[in-house]
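A short write-up of the structure that comes next.
By written order: A, B, C and D. Residues from 1 in each chain.
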Amino acid sequence: MARVLLNLPRSAAKGAVIEIRTLIMHPMESGFRPGMNGSILPRDIITRFRCSYNGEEVFRAELSPAIAANPFISFTTVATESGTLSFTWEGDNDFRQTETRDIAVT
Amino acid sequence: MTSSARAVLALALLVAGPAWAQGDAARGRAIVTNRQKGLCLLCHSGPFPEERFQGNLAPSLAGAGRRWTAAALRARITDSQGLNPGSIMPSYGAVQGLRDVAPAFRDKPILTEAEIEDVVAFLLTLDDE
Amino acid sequence: MRWLLLLLGMAAAQPRSGTQDMSRELQAMQADDSANPGMLWMQEGEALFQRREGLAGKACADCHASLAGVAARYPAWDPATAAPIDLAGRIQQCRAERQQAAPLPRESEPLLALTVFVARQSRGMALAPPADPRLAPARARGEALFRQRRGQLNLSCAQCHEERAGLRLGSALIPEGHANGYPQYRLEWQALGSLQRRLRNCMVGVRATAPAYGAAEYLELELFLAQRGAGLPVEAPAVRP
Amino acid sequence: MNRRPLLAGALLALTLRPAAATPEDEAAALRAFTGGAALREGRVALDIPPLVENGNTVPLKVTVQSPMTAADHCTAIALFNEKNPQPQVITARFGPRAGRAELATHMRLATSQKILAVAAMSDGSFWSTSAEVIVTLAACIES
């Protein structure tokens, strides 16, 4: 499991726009870099990121080798109702990780 | 080599004029601007408009050919520290007096004699301030 | 002569953290725990700190509560080995003796994680190297190493990071080279790394041999650097280019 | 991992080498995003440092002026570059539930170049802005 840092409020007023900041540990090996023996290291990157709010997708991103190692992605969403936000990263070599956070909306 | 013997050698380089093979200025320019080979632009700036980032640890190379003779340039490049022990400029042609040199570079000068001649030939062309 | 004046000016000045030499954007990345990639290691270190390890079945947290201020005082004198010890070495030692757990090698991810977790608890506190006289000989050797020219390029640490700090090597601003941000996230590494790794960088950069991680030379340099940067705030995990 | 450091090593021992994308590559990637629609200037702000000390991690933020209502919102933000091996950087898709049309990330830059940020709107229009970024050469690197 890759280490993940998620920053978002635990609670919010209904209708408020909340900021979500995510970091995940991943080398984002670009597929363009020569290794020690001179041959190119195979690409190993995260290609997709999704955020769902109570099951409904609210944000999605397609990543390329031009995203830095240990990808940082920050975006916003409207606090509509109490429930669960789910974050999924997918990539090369069957990489797949999902994290969830609950939010209380009042 | 003792430091005084080294200074004598450096001085001899300064005034001597044995038959040095003629260097190639174009090759010399390539060495000067190559940041892994000559390393010059890490410390010096110079009239190299295509080189965006040049260091400021040492004087500009502009006008070097007007300020120095070939012998003086050769001496400074070959063994700057023989002339001035406090200089941070590496002695490009000297291997004595170094310590803890990594195995890949041990007993090898930074530039060969022929490469130094190329650099000298190039620097002599820098006559504009 | 301009340089001489610059040197005289710097000698009188307070130590300057590398943070002050970075762009506004990198300073912001360092200061923002939600964007500083070093915090990924911090979080891992926090988890490792709570985990029971080794034959003793103890977690770091079973003995230690707050370790605030500890990192600011390392390297310290270790009476058991009658030698200086740095924070990573102290964690290795504690792990071997108190937890009786398998050793974590220098520069390994778990050791970096634990080290940055402890170091961060001193964030903002001034580097306060101990005055213990037993450290003095090693610290003096560290200073001598700092001033010793070495490698094919025949440069000392001091020639760049003391005498020419603030000038540009190529396009790179030469920082004073203080040790207040380690372990740090170096963009060049795309990872967290220790002060020893950074020292090794410079040694190999001047085409010199570099001692193996954990060698006495590094400890001596670390001791001198702690003294040299005394008063600077701990910034771990710092972000540096 | 190769940890052999060099002074003033490679032009950039960067993670992104070697050949740069061609202008045609970038145009094709842009076309794939816009479907060939014209780009208009405005409504998009790209906050990226003009001068970066290391191209491995460059923080940036894109902000699009949009009411983000069901009837009128930004549907996507895409970033393109000129001189990395591939023209794409990131494409983010969202809708009115985002509340604000914003995206922040850390990107890689193989060398000094122009970055193009494009926003797609629910009315089918595309808006853009660009920024030049100078990447300084690292003096001491681990290659």
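The definition used in the following text is that a residue touches a chain if its C-beta (ideal position, glycine included) is under 8 Å from a C-beta of that chain, and two chains touch if they have at least 3 such contacts.
None of the values given here were measured: they were computed from a predicted structure.
S.K.: Which chain pair shares more contacting C-beta pairs: A-C, or C-D?
M.R.: Between the chain pairs A-C and C-D, C-D carries more contacts.
S.K.: Between subunit C and subunit D, tell me the centre distance in angstrom, where each centre is the average of that chain's C-alpha atoms.
M.R.: Inter-chain centre distance comes to 34 Å.
S.K.: Using mean CA coordinates as chain centres, what's the gap between subunit A and subunit B in Å?
M.R.: That pair's centroid distance is 52 Å.
S.K.: In whole angstrom, how far does the Cα centroid of subunit A sit from the Cα centroid of subunit D?
M.R.: Whole-Å distance between the two chain centres: 17.
S.K.: Which residues of subunit C are in contact with two or more other chains?
M.R.: Only 35, 37, 153, 169-171, 190, 204, 207 qualify.
S.K.: If you look at subunit D, which of its residues touch at least two other chains?
M.R.: Each of 4, 6-8, 15, 56-57, 59, 106, 136-137, 139 in subunit D touches at least two other chains.
S.K.: Pull out every residue in subunit B that's touching 2 or more other chains.
M.R.: In subunit B, 35, 39, 42, 52-53 touch at least two other chains.
S.K.: State which pairs of chains touch, listing all of them.
M.R.: Going through each pair of chains, those in contact are A-C, A-D, B-C, B-D, C-D.
S.K.: Which residues of subunit A touch subunit C in the complex?
M.R.: 3-5, 7, 21, 23-25, 27, 68-70, 72, 74
S.K.: Taking the complex as given, what residues does subunit D use to touch subunit C?
M.R.: 3-8, 15, 49, 51-54, 56-57, 59, 106, 136-142
S.K.: What residues on subunit B touch subunit D, complex-wise?
M.R.: Residue list for subunit B touching subunit D: 35-36, 39, 42, 52-53.
S.K.: Can you list the subunit C residues touching subunit A in their complex?
M.R.: Spelled out, the residues of subunit C in touch with subunit A are 33-35, 37, 39-41, 43-44, 190-191.
S.K.: Help me check something: in the complex, which residues belonging to subunit D touch subunit B?
M.R.: 6-11, 112, 134, 136-137, 139
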